[in-house]
């Protein structure tokens, strides 16, 4: 099944939360965006701080913007900060360029959307996103 | 239990979808915001159009802005369109002033947040929101 | 004394709240801006809804924008809505064009700032603003 | 009493000003925001410069955004400037990431809001915020 349905998006979130619980992560917020950058599903665990939806979405949106996981944006932001600033400007200020935004692909490479996670360290956020995507039967592209 | 936890937010969404199925409504999008206007949970059913998250959130945000259900904003927008335009301007363009944004209150009247629903007629959107809120054990304020 | 000091701004707010209590108004939010449109003091009474600061400020800012009380903007918005829309656009979306934004002037006509109030009817909001300004020894310009 | 009422917010501001006077600080501006980032009360002392409301609010808003005192944002901004820029972008440009934004918590750890102060050095701004919060009977989280 290659479509990113609501059921699949919810499955991604549930699996990401399960991974977080296993690894004793802090409360997470998980956003699932379709390939056009539009929100399908979002959940914020109890105890999360105020702006977590914007951060989670900003990681996923940034990944979709350039067709790479947001870990790549993190590198670019360090090497060419003016590029990242320009990218954020033309996006209308919608990008958070740190790890935790991971592309969702089919086995054949078709882009379905992206997951953005925030709440723990950026590395753990990314781990939870990859776990969620793979548990739902898709390929994850983090870097 | 009077807190609007993620579990309660998910229960509201599930009950709203159940109501929509019973009443043969079109695919819905449901946003649950806390009392400060920040997203706790969102789900968009398959077959929904592109900007449904923004519309659902905009109804809930508008309800919280003035402390009334978004049906009240719908009336104000007709009677005093310049007030509604000004309100939308100072909100940063975050309000959709039509029915379907419903306040979530405890039995004792404490404001916990708001639900915004879009996808069917505004009246049906509001019905689904009320059903969801009441099924989760809270009071709904639509008008 | 012709300056709009913090002590004077606080006196305006206190007198507006006293007037509201006498007249059994709903909880009010009161913003006092200087002649440059910058906030000096603000207070929101318990039980007010979410966006009251933005609304109160938007009334006062609008009054300062054109050098008239926001009641005048209310009239203009009805007669020439495109003018009000343009004004709001060029202000960066900072104007709420309904009564309740009142200019603060010295006896000799010097402009010191504006008060914006929201929470009850627009007419009552304006009454409270006028009371507050006059109690602090200034002239109020509402229309 | 665990709620952040207007009376409590005013008490925080009065105590912060008292601390500033004792320590011979420059004129301060103090914003008190609720847990959803919405303004409850603000006061700017005479002799302050133009944009002090935006700076004070921006410190408090930033603290609430991530659930840490704004001193933490100051560190992040130095170590990972692209993360801070992204966070500011998705917040709509509402964050000033320097010390002086301090969370307000109950003794049992419930988040009630945040205080943002500007006018003196960032370290002194933060000291005044902590003094104000503790004088009102709450716990302060600065880092």
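The letters A, B, C and D name the chains in turn, as written, and every chain counts its residues from 1.
The working rule: a contact is a pair of C-beta atoms (placed from the backbone, for glycine too) under 8 Å apart; a residue touches a chain by one contact, two chains touch by 3 or more.
This is a predicted model, so every value here is computed, not measured.
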Of all chains, the one whose CA centroid lies most distant from that of chain C is A
I need the pair from B-D, A-B or A-D whose contacts repeat those of C-D. Over half of the residue-number contact pairs should coincide.
A-B
Dist(centroid_CA(chain B), centroid_CA(chain C)) in Å evaluates to 30
If you average the CA atoms of chain A and of chain C, how far apart do the two points sit, in angstrom?
44
By residue number and range, which residues of chain B touch two or more other chains?
35-38, 92
Arrangement of touching chains [line / ring / star / complete / other]
other
Applying the document's contact rule, which stretches of chain B touch chain C when the two form their complex?
35-37, 64-68, 80-83, 85-87, 89-93
Note which residues of chain B are touching chain A in the complex, please.
5-6, 9-10, 36, 38-46, 50-53
In the complex formed with chain D, which residues of chain A make contact?
48-51, 54-55, 57-58, 62, 73-74, 77-78, 81, 84-85, 88, 93-98
Quick check on the complex: what are the chain B residues that touch chain D?
34-38, 92
